[in-house]
Amino acid sequence: MRLAIHPPRAGILGGSSPPATVAGWSVQGTRHQPFSLVSLVSGVSRQSGRLSIRSRIHSNLLGIQNTPTISAGKKFQLDDLIEAQQFDREILADIFEVAREMEKVEKNSPGSQVLKGYLMATLFYEPSTRTRLSFESAMKRLGGEVLTTENAREFSSAAKGETLEDTIRTVEGYSDIIVMRHFESGAAKRAAATTEVPVINAGDGPGQHPTQALLDVYTIDREIGKLDGIKVALVGDLANGRTVRSLAYLLAKYQDVKIYLVSPDVDDIKDYLTSKGVEWEESADLMEVASKCDVLYQTRIQRERFGERIDLYEEARGKYIVDHDVLNAMQNHAVVMHPLPRLDEITVDVDADPRAAYFRQAKNGLYIRMALLKLLLVGW
Amino acid sequence: MRLAIHPPRAGILGGSSPPATVAGWSVQGTRHQPFSLVSLVSGVSRQSGRLSIRSRIHSNLLGIQNTPTISAGKKFQLDDLIEAQQFDREILADIFEVAREMEKVEKNSPGSQVLKGYLMATLFYEPSTRTRLSFESAMKRLGGEVLTTENAREFSSAAKGETLEDTIRTVEGYSDIIVMRHFESGAAKRAAATTEVPVINAGDGPGQHPTQALLDVYTIDREIGKLDGIKVALVGDLANGRTVRSLAYLLAKYQDVKIYLVSPDVDDIKDYLTSKGVEWEESADLMEVASKCDVLYQTRIQRERFGERIDLYEEARGKYIVDHDVLNAMQNHAVVMHPLPRLDEITVDVDADPRAAYFRQAKNGLYIRMALLKLLLVGW
Amino acid sequence: MRLAIHPPRAGILGGSSPPATVAGWSVQGTRHQPFSLVSLVSGVSRQSGRLSIRSRIHSNLLGIQNTPTISAGKKFQLDDLIEAQQFDREILADIFEVAREMEKVEKNSPGSQVLKGYLMATLFYEPSTRTRLSFESAMKRLGGEVLTTENAREFSSAAKGETLEDTIRTVEGYSDIIVMRHFESGAAKRAAATTEVPVINAGDGPGQHPTQALLDVYTIDREIGKLDGIKVALVGDLANGRTVRSLAYLLAKYQDVKIYLVSPDVDDIKDYLTSKGVEWEESADLMEVASKCDVLYQTRIQRERFGERIDLYEEARGKYIVDHDVLNAMQNHAVVMHPLPRLDEITVDVDADPRAAYFRQAKNGLYIRMALLKLLLVGW
């Protein structure tokens, strides 16, 4: 979303059309779409100054009834979703509330059509099937359509050098929202600065992956029922952890959070947590930490980091495995999380335990993405 | 579809919703979707104990009418489609009956919306554009939506070792049915044992490709008008033939079937047919067999089998070509079939003859897949 | 679209259905679809003998109203879109008129559903993400659905030698229209000769790319407001220019067109223009030409052409760059166009000038493709 100029955009294709009015009201404040199904769909009664107009519009002229009853919505606070730094407690609570509603959307219900007529482009400069399918499922679950590009590098293959900005300016002509995965840190921010169309960062290299951070915090909230006072053990490979860093960043927004670090290499993350004012404790004793935490967040040891030293990789890998014994040490209400994919850092016999939350966590990614697509495209 | 636990699933996304009732009736027995358009769409009057409730439900609450009139359907006998061994005569007849109805589905008719709101994931671990497009066309012809993964290996690319089971547990969160192509025999069965969501095997290595077998038998029935007493010549490369083996397996369910084997290498398939009680006859005389059979099922000689011996490959390849002379020897009612793609084992001058059934056969794959998607998702 | 045989095609899947009648009228002349939303949607009043029947059809039988009001349309003059030679002034004007209407199609309006129920297959034998997304966006903006094949070569990978014709005969069974990109000149024509289904050429090697030519001329018309008497400067690499050649071909249909050639290598294109009766003038002075033309059409210097001689490539590349100085020399009403992608042959400081038309040009590609898909599938 370009920051400089915000011309009014009417009609799906940028063509001109008269200003939007509903039953004589002139509606403003939602940039992407003057109306929204949201208040109808969610049934949420928000306190803030949302327009409460609800009017049935019958497109009787042509005898077609595919325009559902619409309602004026309030614009989402964010124009794009680029980095975890965009969130505060309030907006997190709001997004999670919408995600909860998304869990209840039923097939062929009005809520499942809230994004009908909208087109999302998935512009992936590196493959990430898991993330791509989650976004595409989210869009389709809400009635929207998808343009898929798994090989966005090919946009510039002929020219070997088309800028990201040029590609974005082309794709914005084809779609209403762009979900972008890129190999370079900062790419999503550059894309958002180029276009009026909302941009969602689906991971930009070593940079940010904000929807993963959101789904992680949402999962903690859903599984444990609180965020203030939560005790989270971060286990595994924390040095390289884009995921872990973003999670820590968001947790820092809550009261009395305690982080346990169980990792061979934590200097970097310790400094980070301290700078964010989060209480932390380092430990090499996974069993003891498991007995104290609410959430055991396991991550994968990345082989790439060890280069030729396969021996060190194997040692690190074997050191902090979550297995049935670790599970036995955990409290009844505690859960195991993992961003997936996993190798053997969680043994498969853990899967059957109700405290194994990682597949529910993956599913929560769907709800979070549904919520974000809805909020960015049609507002509250 | 997991075999152990069958918790009730309500709502498209696994969220909770009240038990399904239609006009005061509590409806059970359809696991994936409490209601179905089927009886309306097909107009079929089945004898078996299907619920005959037909009730118009108006979603007047929000003024939206995109929920079509729905009706309670009867669950399909199968939870997944993994191998030809799942079929008996009765179920084959039932599937073929639905496929026949699928041939008549018209654009924008109610029948074309029977899978509206459903999401199919095509999880292909090896490319098979032909099969993938056939399934995706089938899903979309019925109003459903598709998530495509042509490079499912990338699911585990980051981790180089995510199990198939973990991938399936992730994808089941995004979709309502999984169509899987894999390079390993047995992969589809493992997938089905992992998930509640129906799994269709779209080919697992040297193992099974059951929808191909179904469409072959369906084509014979459609073209010749019978299956009992059918005379089928299997020509070409029968040793490696996943296709031919599955076809023979299904034909063995019918009375008085006669198989002619015209192939350089048939020991294996002969034993197979004998074990299944199918009458067979070996022959090196393609012309004579052509004059006697109802169906001449030609297959491609696979070069890979001959390794360095290109001379043997060329010899085998040239030996059993279906050309105009072979066609002239065939009876008027007989047809030529081929699973496609073909090289020159059928000459192009055969294509114009009405007895060339191979492109109709490919199209029948669409109807069979429409039928299966409908049956697995919404039942009869 | 096969030329020889035109059997009646009824039902979306080739099944049989009764002849189409609207309110007692027997409607003929539209091969792909007996009815069309066009006259309703466009509101255009065409002089020619279009059927003016407008009738609301309520599919009350099943209580489903997803069949919009339909109207009998007049068949489009073309069966396929293969090459620029298919167009004359009149048909260009007609297509541009529909493209203008496409600019005004609004989300969830009746016009956005005109291709509901139709399936387009994008059969790409070489990647061209830009073109593919433009077609797919066009189809989805009109309510149609898409089957995507970015790797159409895989159709024949198993057999290493399936003919294009066989692939087309398979794909026609899955879709209602085929958009094909191929690496061989003439491939689109061969495809069109094979199938009943409309074929759109999305570029066949060094051959044609007719939708690019259409969007170029449409953009000139939209930006300058006229085509007769237009002055167009063709700059850059004209020797290899499929794009430039097709553009010149179409411009030759208008009166008093003047072409300026600013290029290191124009012998070939000069002969071409002369043979088409287009007035041209060669120049090495980009600034002078810029001051006289209405349209400055810049193209990319293709490195591949220079082989080992990188020095010559760098020289050619640096010679004709459109920068702020060139822009300053241009008239106020004039525009800069470019087929994209660009490297540095237009400097980025030009982008902000309203005369930089190349991203609008890319967007016009969407409208042109929407118009063509509509015309080929449902007629006027």
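Order of writing sets the labels: A, B and C. Residues in every chain begin at 1.
Just so we're on the same page, contacts are C-beta pairs under 8 Å (C-beta built on N, C-alpha and C of every residue); 3 or more make two chains touch, one makes a residue touch a chain.
In UniProt terms the chains read A, B, C = aspartate carbamoyltransferase.
Just so it is clear, the structure is predicted and the values come from calculations on it, not from any experiment.
The angle needed to superpose chain A on chain B by their Cα atoms is 120 degrees, rounded to the nearest 5.
Taking shared numbers over all numbers used, the chain A to chain C interface scores under half, which places it in the different class.
In this assembly, the C-alpha centroid of chain A lies 37 Å from the C-alpha centroid of chain C. Looking at chain C, residues 65-66, 68, 148 sit in touch with two or more other chains.
Within the complex formed with chain A, the residues of chain B that make contact are 11-17, 33, 59, 62-68, 116-119, 121, 145, 147-149, 151-152, 154-163, 165-167, 169-171, 173-175.
Contact residues on chain C toward chain A in their complex (touch as defined above): 40, 56, 65-66, 68-69, 102-110, 112-113, 127-130, 133-134, 136-137, 140-141, 148, 150, 300, 303, 340-343, 348, 359, 362-363, 366-367.
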